Each structure stands twice: as structure tokens, then as C-alpha cells.
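The first chain written gets the first letter, and so on, giving A, B, C, D and E; residue counts start at 1 in each chain.
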Amino acid sequence: MTYDKNSKKIVDIIQNFARKHSLWILAYGTGCGAIEVPPTMTSRYDGERFGLRGAATPRQADVLLITGYLATKTLKRVIRTYEQMQSPKYVIGFGSCTINGGMYWDSYNTIKALDRYLPVDVYINGCMPRPESVISGFIKLQQLISEGKANGAEKYQKNLEWYRENQKKVIHNWKMPDYNW
Amino acid sequence: MAFDIKGVLAPFSALKQGTKPPHTVRYPKEKKETAARYRGLHFNDLEECIGCGTCATICQNAAIDMIHVDGFETNSGDSGLRPRVDNGRCCWCALCVDVCPTGSLNLTKDYVYVSEDPDSFLWMPGVDNPEGKENLSFQSAEGKPLLEYERIPMHELEGTERVKSFAEVLLGYNEEEARKEAARCVGCSICTDICPVHMHIPEYINAIANGDDEAAVKIIYDNNPLGETCGKVCTRRCETVCAIGHRGEPIAIRWLKGYATSTVNNADLIEKIVNPEILPPNGHSVGIIGAGPSGLTAAYYLSLRGFNVTIYESKSHAGGMIMYGIPKYRLPLDSIDKQVEYMEKMGVKIKYNTKVGKDITLEEMKQHHEAILIGIGFEVPYELGLVGENEEGSIQAVNFLRNINSDRHVEIGDKVVVIGGGNVAIDAARVSRRLGADVTILYRRRVEDMPADWEEIEGAEDEGVHIHPQAIPLEIILDENKKVKALKYANAEMIPDPEGGRPRPKIIEGDEHIIEVTSVIGAIGQSADYNFIPEDIKNQIEIKRGRIIVNEDQQTNVPWLFASGDIANRRADAISAIADGYRAVKGIEKFILKSENK
Amino acid sequence: MREKETTIYLGPQHPGITGNMMVKLKVAGDTIVKAETHVGYLHRAFEKLMEQRTWTQSFPIVCRICVPEPDPNEENLARAIEEIEGREVPERAKYIRVMVLELARLATYGLWMGGQSGSMGLYTMPQWTIGDRDYILDLFEELTGGRVYHMYIWAGGVRRDLPEGFTDRVLKTLDYLENRLPDYDNLLFNNALFQKRAQGVGIIPKDKAIEWGVVGPPLRGSGIKHDVRIDEPYEVYDKLNFIVPTSDGCDVWSRALVRRQEYEQSISIIRQVIEKMPKGDYYNKIPNPLTWQVPPGEAYVKTESARGEFGYYVVSDGSIKPRRVHVRGPAYVHGVSLLEKILVGANIADVSFIMNSLGTCPPEIER
Amino acid sequence: MHIQDCTENTCVDQIQKIFHTAEVEIQRKKRVKVKLRLDLVPLFLSYARDYLNFKHLAHISCVDWIEENEFELIFMLWSYEASLMIMVKTRVNREKPEFITLSHLWPQAETYEREIHEMYGINFKGNERLGEFILEDWEGVPPMRRDFDTIKYSKENFYQRPGREDAQDVRETISKHSGEEVPDFAKEFSIRRIEE
Amino acid sequence: MDINWLKVLGIIITPIIAFIVGVAYGGIVRNITARVQNRFGPPVVQNFWDIIKLYSKKTTVSHGWMHHLAPVFAITASVTTLYFIPVLRDSKLFANLSFSGDLIFLLYIMVFGSLGMALGVGQSGNPNAAIGVSRGLSMMVGYEIPFVLALVAIMIQFHTTSLNDLLAVQDKFTNWIIFQSPIAFIAAILAFLGMMGYAPFDVVIAPAEIASGPPSEFGGKYLGLMQTSRSIFTFAKLVLFTDIFLGGAGDFGTLIVKTFLLYMIPVLTGIVNPRFRTEQAIRFFWKWPTVFGVIAILAVVMKG
């Protein structure tokens, strides 16, 4: 390993290496793509080979999978969940719906372009993406992490106002039942 | 509660699974081959695709856009557009594949695409994955086509039945059949480009499919006042490019037009339905020579635009070649009368039995009218150039048909040979059959080279007409009364043209035959009679190969003189004549209004 | 003495929730006093969207209504349209449909076994069953071109004929699944701990079951022998031999037993189907999908899905688009009103356990 | 009356005997359609449940017949004994849509009513849980009504990703090339994609 | 004061070894589990990456100072526990701080971590965590009883409360306490199942029920600390049981073999079993293990 002072510190390299090999996925089935997550994580495709693992609460999770469409009602919860996650944190958009609305392009209840509301690091093509695609998505995310490019969380911090403005256009009322997680 | 020792120990037997090798597919190290039908990313064969946009129409996600791709230009049979799939919309249901009329759009086995850029999910099948052709999986050819490739059959008289009378051969669609046939259309509109008139084909077909025949009639009359005629005798080039025609039988566009227009059975009804907007008279006057399709079309639209239009027709009925050239079993005469009656209601004035050059000169006309349109058509037949051609028993097809349509008796005997391979030849042959003769057609080239419609050829064969291709007439043999007795002809072989043109027939030396005939009907083409045009004008306009050269407004080199129909285009069919007439309207309007503004 | 009541929100982000919904619980100690389900997190307005789409365009949409088991949706819509239109379906297509439906049932039960075990911490079971379910998905992929969303059954029959040698591979997969059953039994159904957890939990009383609108395995788990496949046989179920298992326990355990037996029944049904499948046409073609008008009429059709009666109420006004498609998912009643009832008095540890035993499927509740 | 062998015909007879104004017809095997006046429906439903043994409420549905200014409510009852379904259909005025709750007969009716109330705006008197159910903070026309335009709403409220503006219409491209002028009355009859 | 450098060195490296072995065990367990589940599983070093990642995360949550202290309590408890267990027999380096009453002291100190957690978690206000803690405490009450009974039986039998003395008793294979006092071992090993927190006794962190229980509110570095503490604690418990029942170990090879085999008991049980509900688990501990514990004491008393 060459140590280049100008580019990255060796600590960063180790950190990024650990980060990319230990991606804990928040157990939150936000959309129908969640059906391909169990096959990815179970014996046939075994996502654990890549250090993927489920995390029960947002505090412990690194990756938020937006598995397809987001109803506005869910978007509100997802934003809150995302903000509860500890950075560095990553968002993966599953399938068509997160990119341009997918088959719900004319629905009155789902958002169309996820990157307006949350910073997305990787999009996976498909409806639904099959496990191989999902794994490819994670490999891409790992690659971005080791290159230091998966900085969605920083982007969100920096452009928080822009994101908030977009979020408020869709979510009219921020009042939420008091979830104590 | 008893202690369930078995229930406690049984689960531990699961541990023996640990000794088995895992069944994990170690992606990406090892890849599982996707199924032969897997629905992955799209691939489009750009050459096969015609850009009909049916895929975009059926896509319930509005995921497919039609995009202009360099190298593919809009022309007849191809819109020049190619589909682009928004993978941010697509759900890979493959409806677009099953509906693709050409079968160019298919899905491949590739499915992995991962990106951090949400704008990179626009997928141009075939352009983005040219290698996809080797990787096809879900293909439309495999299943049953989603579209209907089989035409609703048209009822027609049996061949043996037909020759007994001049009754119309095609019985036409009934309502149910028409709706069914119209429902096959995918509404791509590629046909409109090749149609000389550019009729609004997908719209009127869909109107028929929706059960709105009156709307269909209104749409047809928008740029074709002879819709009913076209519905029966059009050469329907539209059907040659029909998207459905790539893998099935094209939509019966002509018959549907015929169905829609025949639902209105008198001129009053047409007026009520079409109800066109008529501009108030603008004080300008236009003269038209010849009440053929182009003249009638021009007259109709000019009068709708407020012009004072007079047609000078040498015969007693309007219609020109469609009146006198097309036999009744194809186009009943009352159908033309009905359409002409409607046009006269709309303000078109027709002076019958007025031959320009004889009853009135062109100069006289010019004094009454600001612009003149010549639509005289080709009425003078070419001569066969054979010995004995002008004797009894040798007839020209045009004259023959005109006489028949004028209810004059023509004696042809019981053994007729028709020379030529065009529609006129076939018409003459089929009419001769109806007169009871045994008919043979002699044609220089092969059957597939015949310029006549295949349907006409088939119809003729059904009716018992013998077609003798690759036969070149040499001589008409006369009997002692100078009456046609027999025809001498030679068989020919096709030799390829060294310059790359179509093969030419060459007489096989010595292979000569003689058939006995009672009549010989020549149908090898016609030309126009320009004698009514004064010399000074004739010198100014340019006539090439018997046709007057015009610009895109049908204007000749003499600004006030316009020409349309067979004398101005090479296609020599009714629909091109109508298109000429329609263009001439615009040209004349432009000419007159321009000179007015000056 | 009354214990202090606390409110717990289970979901929408919660590992124990199937899908994406929320159960608001009032808890005294470990016991639930009041339960309130909140749904709508997955509402995509399918029924509205279908009113915007043509009949053929509706098919890719409906399979998304229930993610784990999409086929009953396609079958229902297809059959509803066929009923309104009076369209005949070729016999072979009917057999293929039954095969697809039963394969889907197997896949769903595989998922259910995983979910049911996962909800009580037996993580080996989902690894097995969901991994084995993948072989069924492979079959689907081969047959339909898609793993999860098949877009295969549509009005007039099925979309493609069986590929060459497909039935052999189905039989092979069935053999494999059947050979796995002893393993499943040892790990789950014979497991003393599972029996202990499941017995006496989530009781649906026999006398209330019908009144509450319970359908499917939960109904049969309450000892009432009703199954749409028997009550109103559709496709070719009347030509097949199978039994409808019931169990009298009214609890999670008896529902599990019912499903376990149905798993075997499904395998046997598919074998019969393959044996009896006639040759011939598989699709009675619909007209041009762009202009296809279904005559005015209405139909209510239902299917026995893995979770129970799956009904479609379809109204046509004679146009190219449906007037109304109303989906009656079994989870609609199970996941909302029934869950609220039977959670009362349960232990908080059993919420996810009971939800799984009812087969709650949020995307089908709110559609 | 408990009818074990209740068939379509006996069912129709039985209903017509008691409800003279009901239009009863056999739609097909195992389906009996009953059209009723609105005020008779609760009575009929409890009669069907208690006397005809239609114990299973499969479904409550609603159809918006905006042309007739009415909502149609459809109740599907299933008898497990007779394997028979009754479809009870009734019409509600669209201006002030009101009905009474059935949750006393079938507890799960409450859920169906909540949804219909939210999606169509029909008020079910006596149902205490009407209100927000599936939607959240919804304002304006209940979305399942025919006069609610979901495409328009979606366009106005949600950001659509740009980049597809270069799409061209096949019809326009061809008519531009050929010089065809399509009149407006013809355009109505074009088979186009669903309104983008 | 005379500083025993060897002891200081031992104090420094014992937790490090414990950490490495504990984490490595975690990785191996994940692999074994994976094999039973028909898959390959993560790399063996996976747990190291997990912990490094957790430490490298930014932590922005706070629910008061007790919240910060909870992981500290946990790690203190596990390290302290470790210090009072002789890791290797007759080793000066790893003798650590064992003293004559250490067995009794260990019983207390092992509870300390959980109590600390309880305090910290109570601050977070997360009901899942609160329920998790109350479950943890109830569970502890459950398994401590048979464990204490078993230990008491042994203490009575060998008249000592010192681990070193117990080690000295087990000088040869046949003298291992597992053979000398099998009933006490059964009671203790059943309690051990509960102590290790694998199924069927994993109610504390039951994900499907209460998210992940007590650590629900902890992420990043806190979770990293907790994982560290858990690894060390696991190793400590394994060494403790090896010392008490399996005759300890003279060298690291033996230690690894013995502890690993011991570890497999809860692990394999956990792989194939679902979890009990809390009250079922407690009822279980108070039934069979407790009975065995009492029998063990009775046997000793009657013999003595």
C-alpha cells in the first residue's frame, strides 16, 4: 500500500475499508422491492459474504434501502429515519420508482424523484432489481466508499435547506405521532 | 406437561445441514445463467424498426419516448424516430415487445445496471447496447402476437358468379366487420406520409373503430372529396407501408374508407355530416378544364374557400377516367354521381359537353377566369405498333371501357387477347369476361412485374382470365375481310439489365406461336391531347414525355396556368390526381391572393 | 392493581413488522390492552391508476398489489374480464394457471415459514425456506421471464406456452422441496419450543371467525372447512383431487399446521396438473390491446390465495379502460380489524408472531 | 329460514317475497344481484345475514357514476352453507352522500367504510373511526372520485425528472414531413398514449 | 511500593487477547451458523471490520450523561470480570487479580454491567430499550439462581471460594469438576445458555419484538464499545466456565480448544431454536436448572 500524504491518510483508508466491508442495512421495507431483499440476504445469494447485515434500528444502520416507490406518508418517516442514522450513512435507491416514478408516475400519492428529498448514493436498475442486481449495487457502493465518493450524508448536511424545501412541498404537515425509537 | 424430549432434540438434526456444501450462488464470482425468457434490458434492431411508436403507445408507464436518431430520416414507411426507454419508468412487463409490429424490439438477458447518477437511466435500445442482438431473451416472435395480424376477410362474389354481370365484386364490410378491422390499427400514422393526399388515416380508422362513422366521413372529406371512389379503387400505397403489414396483413385502409363513405348514401346526407366551413365569395374566378378527380378536387376546395369555380367537361358526365375508365363492377357509376352532386351543392359549376379548343378556346376562358387548371387526363391510347392494328376487331382498351361504361354495345367475339399488364389491361380483360369472351392477357414481363394491383390480377385469375407472361405480340393476322383472325406472338426470356435496371424481356428466336382471336385489345398506355393549347402558350410551358412540368404548387411556367392529374404526375392514379388537385388549390389561392396584394 | 400503560409504536420501521405498516399498542406490563393499526404507508392508488389505463395495461400493475404472491391478482383480473366479456379460455391455459397459482402458493408458504420463524428468532429457517423458494422463482423466471412479477396470466389465457422440458424441471423442484420437508419439520414444526410459543396464542374463536370475516388458513385454523377452491371452483380445481386441511386449535399453532399440510397438498396438486395437462392452445387472443373495448358489465371473482379469499370486483362501462377495479385482499380484513381484535390480551412479544400467522401483507391492504 | 340447499332460484324467490321493490336477478351461477332502494339496504342486509345465512361480508365497494351524479354502493355477501353470493347494489346521491354504518352487523365493515369515506367522501353515520385512514393530510377532492385528476395532481405536486423533452410525437413528425394538416376534430380520434 | 511489572503487563494484554479471541470467535460462529444455513457466510475477520467501522462512525445522539456512561459501565464490568479470572493455570503473566474470595466477587461483578446498561438505557426514553432492559434484568434473575446454586454446590464440595483453588483441585483429567460434580455442571451449563444470550434465551435483543432491545438507542462508537465489551465478556465467561468445570488450561492451545468447544453449546442450541418469551424463559430456569442446582447441593451436603 503506498502512502500518499496528499490524497488520503492511512487512517482514512482503513476506515473506508472497514466501512465498505461492514454495511448494515436498516430493516425498513419501504416499498415492494423489499421482496428481493430476503433472497439477497438468505442462503441462495448470501449477502453476508460482503459483510451485509440487517440492523434493527436506524441508530445502528449504515445503509437505508429505499426499495421502490415512496408514498408521501412513508417519505415523512423515511426522512426522520434517515436523520436518525449516524453518518457516514448511505442511501440506495431500488428500481425505477426511485429514479423517475416508475409505474406510479401518475399516482397522486408517491414521489417520483427520490434525489430531491434524500441524497442517494447508488441507483439500481430494475423493477424489481433481482438479487444479483442488488449485490451489484452494493459492490458499486463499496467502490464509491473506497474512493471516498459516497458522501451523500455530507451533501445532505450542506444542502439541508434545499432538501427541506423540497420535502415541505410534498409533506404539508410535519406533525408526527411521537415515535420513541 | 410432559417433557417433549423429541421436540427438544429434533431441531438439532438441522445441524447436519452444516456438513453439506452450501447452495449459494457466489455472485459475482459465479453467475447463474438467466432463463431463456428473462426480461432484461431492451434491445432494438434499429434497421428493422420503423419508428411507429406503438411501443410508446402501449407503455402504461409512459416510459418510452420516440427520439430522432442520426442516420434514420423520415421517409415513407419509416418515421425516422426510434424508441428510448426511461429506465426510471420501465417495469419490464414487455408489453412493448409483444406489441411491436416489426418484432424489432426485444428484451435481452442483461439486467445489471448500477449508477450513482439518476439522469443516466435513459436507455436507447440498440444504440446503447449494439451487442444486445446476440443476447436476446424475451422475444415477441415466441408468443402469440398481441396485435391482430389477420385481416377481416372481405366478402366478394365468387369468380364464376362475377362474370355473369357487372355487379360490384367486393361486397364491402358490414358494420361489425368494419369495427373489427378498424380496431386492428395501432394509429401510428406512417401510412399518411406515403399517401399522396396525406389523408388523416389513423384518425378516421379509429373513428370507425369507436363506432363513429360520421366522424370518419367528416375526417375523410377534410382533404379528399372523392373518398368513396378512393374507398373502391385507390391504389392504396398506404397499405404497403402499414406497420401491421410487416408481420401480417396490412389494415384494409381502402375498404374501411369505402365502408365509412358508403354509410352515407345521398348527397344531402354528406352535406349534413361533413358540414364544411364555406368562406364567403371572394370575387375571384377559376376555370378548370376536365371534371376528373383532380379537377373535381380542386373545384370543391376552391369553392369552399370562396372562389367562383367553373369546370369545363367535354363529356356528358363528370368523373373523367374514374367515370369512363373504371368498370362498373369496381366502381358503380351512381357512387360518382352522388359525390359530384354533393360537390355541385357546395357551389361547383360544371359545364358539360363543353370541349375546350372546340366549344370554347383557352383564350376565351382566360378572359373569364383569373387562373386556369388543366386536368384533362390521358385519354389518347398508345398504339401497339403492329400491322393490322386499325382494322376491325382491334380495339383500344380506353375506348373499349368508355364505350362499355356509356352503355354502348361493343362486339368483341368470344376469344379476346388483351395486350398489356396495367390496371387498364386487367379491367379490359375482366370486362371482356363479363361479355362472355374467353380472355388471355399477354404481357412482356413476368407476372410479378405487372404494374396492376395484385388483387386485380388475382380477381382476374379467379374469373378465368388466362395470363400469359413473357409474351411479345408480333403481328395481328387478318382474315380476308380485313378482320382480326389471329395473333402471332413470341415467348421471351428475361435478361438482366447491365445498367442495373429491371430485367428486360428478350424474344426467344423461333419460339413463335399463333393464337386465334376474335378481338385484340391494346392496353399499353395512354397520353394526353394538348391540341387545345395555343402555340404561344405551348411554347412557354414545358412538356416532357407527354407530361406538363409543374412546380410543387402545380403551377406551370405560365403563372396563371396550372396542371394536375395524369398530365402532371407519373403515378397516373386517382389518389395522385386528387393530391394534385388539392395542391393546386393552394397554389391557385396563393397565386391569386398574391397578385391581389400587389 | 392496574399497571401503568405505555404506548408503543411498532413500525413503520421495525424489524418485526411485515412490510410497511404500524401498530400502535397500549401496553400494561407485557400485555397489550389496545391495538390500533395504521396503514397507508404503501398506498399507490392502484385502483385509481387502473382507471387511467387500458385493460391490457392494467395487467402489469395488478401484480404489484401483493408482492409476495402476485399471481392471484393477475388471475383474478383476467378471469373477471373473461367473465364480463364471455371469453373462453383454452383448457391448457387453465391448467397452466393452476400450476402457476399453486407454485406461487408454495413460494408464499416458503416466505411465510421464514417470516413466522424469523419473528420468533429462529433465523435458520428463513435462510432455508427463502433460499429454497428461490428455486420456485427460478421456475417462474423460466416460465414467465420474471422472478417476482410475472405478467404471465392475462385475459384469454396465459402469455407464453410452457418451455420445452419445463414440467420435468417442475417435478424435479417439487421432489427437492418435498425432500426438504423433513428438515423443515425437525427444525420448526416438531420443535418443542415453537409449539410452546404458538399454542394458545392469537386465538380466533371458532364462533367468531366467519362473523369477523376471517378467510384462508386462519379460518381453517379455526376448524372451519372453507376454501374458495372447493366452494366455488375456478379454473380446473374441480377436476383435481386435494383435501382442505383444517385444525381446531384456533391459534397460531393450528394455522401453522394447516399451512404445513397445504404445502404438501399444493405439491400434489401441481403433480396432478402436470399429469392431466392437455395439449393444445394456451391463449385465446384478445383484440388489438390499444383499442380493446370490454362490453359493459360487472363481475366479482375470487381466488384462494395463500392468505385466503382474494376478490376482484371489476366494472366495465364499455370503454377501453376499466370503470372500476376494487381489490379485496385477504389481508385487508386480517391486517386491520382482525389484528386489532386478537392482539388485545396478547403478550407484546407475540405481535409480530401473530401478524405473521395471519399473513398480513400491507401492500395489499392499502393498494 | 336456514336453507341448506338454497339455490339461486330459491334465493331469488325468497328475497322477492319479502322485498317487493327489489330488482333481483341471477347474474350467473352462484351470483345473485339485488338492486335496492338505499333505505332498505340495512334491513335487507340484516335479513340476509340472519335469515338467509349470508354470514360472510366479503366486500363493500363503491363506484362513482359521475354522469348520473350518483355513487353506487355494492355489498358482497357470501353464504358458506349455500356457496352463494349476493351482490347488493344501491345508489347514493353524489351531492350529499350518506349512509349508515354496518359495523354492528359485521365488525370488519368498519374498515371498508373508513376507506370508502376517505376515497369517495361518503359519510357513514355511526362509524366512529371515520377520518384519516390511508392518506395523510389530504386536502381537496377525495381521490377516487372520477373528477379528481391524478395525472394533473401528480404533475403539479411532484417533481418529474427532466431530460426527456427531446421526445417527439410520431404523428407530428410524420405530418410535419408530409405537410399534412390534421384538423382538430380529427385529432380527437387519435390513439395516443395515456395523457402525459 | 514494589510494582509487579509482570502483573501490569498481564493487565494490559489480557483484555487485548480477550478482545481478539472474542471477536474472532464471533466471526467463526457466524461462519458456522452460515454453514448450517446452507450458505458461506462472511469472512472470519468480519467482526473486526464491524467494530472498526462502528468506532469510525460519527456519533451525534445524546440522551444525557447516563446514556454516555452505559457502554462504559458495560466495558468496565467485562474487563473487571476478566481481571479476576485466571486465564491460564499457573501463569504469572495471566494470573491477574484472582484472590481467595474471587468466585463470590465475580458473581457480583458480572451483574454490574447489566445494571449499568439499565441505568443508561433508562435515560434514552426508548420503550424498546426499556422493555429490553427489564427483560434483561428478569432473565438475569432467572439464570442467576441455578448458576449460584451450582456454584454454591461446588464451593461446598471443595470448601473454597477461590478459582485458583478450584484449578488446583482439577490437577488431572479425571479430576475435572465436570466429572466430580456433574449435576452442578448441568445446572450451570443451562444457566450458561441464558447467560450467553443465544436463542432460546435471546429475548433481550429480540429484533422482531423490540428492535434490538437495550442498544436500540446506541449507534456508532457506543455500539462499538458495547460490541467490544460483549466480546471480552464472552471470552471471560468461557474462561470462567473452563476454569471451574473443565480444569482450566495450561497453555493457549488448550484454552482455545476448551473454550471453543464450550462456546459451541449455546451457539449450536441458538442456531436451531426459536426464542422463549420472557416468562417462559424464567419459568424454564426456575424449573429444570434450579432443580438440578438444588439436587447438586443436596448431594454434596448429604455426601459431606
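Rule of thumb we're sticking to: a residue touches a chain if its C-beta (ideal position, glycine included) is under 8 Å from a C-beta of that chain, and two chains touch if they have at least 3 such contacts.
Nothing here was measured: the structure is a model prediction, and the numbers come from that model.
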Path length in steps (a step moves to a chain that is touched) from chain B to chain D: 1
Would you kindly count the fewest steps from chain A to chain D, each step being a jump to a chain that touches the current one? 1
Of all chains shown, smallest offset between own Cα centre and global Cα centre goes to C
Of all chains present, which has the mean Cα position farthest from that of chain D? E
Most remote chain, CA-based centroid, reference being chain C: B
Mind checking the centre-to-centre distance between chain A and chain E? Centres are C-alpha means, answer in whole Å. 35
Cα centroid separation between chain C and chain D, in whole Å? 23
The distance between the C-alpha centres of chain D and chain E, rounded to whole Å, is 61
Cα centroid separation between chain A and chain C, in whole Å? 29
Which positions in chain D touch two or more other chains at once? 135-136, 143, 148, 150-151, 161, 191, 194
Which chain E residues sit where two or more other chains touch them? 34, 36-40, 127-128, 207, 211, 271-273
Where does chain A touch two or more other chains at once, residue-wise? 27, 42-46, 49, 54, 56, 58, 73, 99-101, 103, 105-110, 113, 127, 130, 180-181
Per the touch criterion, the pairs are A-B, A-C, A-D, A-E, B-C, B-D, B-E, C-D, C-E
Touching chain D in the complex: which residues of chain B? 51-53, 56-57, 59-60, 62, 65-68, 74-75, 79-81, 84, 86, 88, 118-119, 122, 185-190, 192-193, 198, 200, 202-204, 206-207, 210, 212, 215, 218-219, 222-223
Any idea which chain E residues touch chain A in the complex? 30, 34, 37-43, 46, 48-50, 52-54, 56-61, 125-128, 207, 211-212, 215-220, 223
Can you list the chain C residues touching chain E in their complex? 6-8, 14-16, 30, 117-124, 127-128, 131, 187, 191, 193-194, 196-197, 347-353
In the complex formed with chain B, which residues of chain E make contact? 32, 34-40, 268, 271-273
Taking the complex as given, what residues does chain B use to touch chain E? 11-12, 14-15, 17-18, 20, 22-24, 26
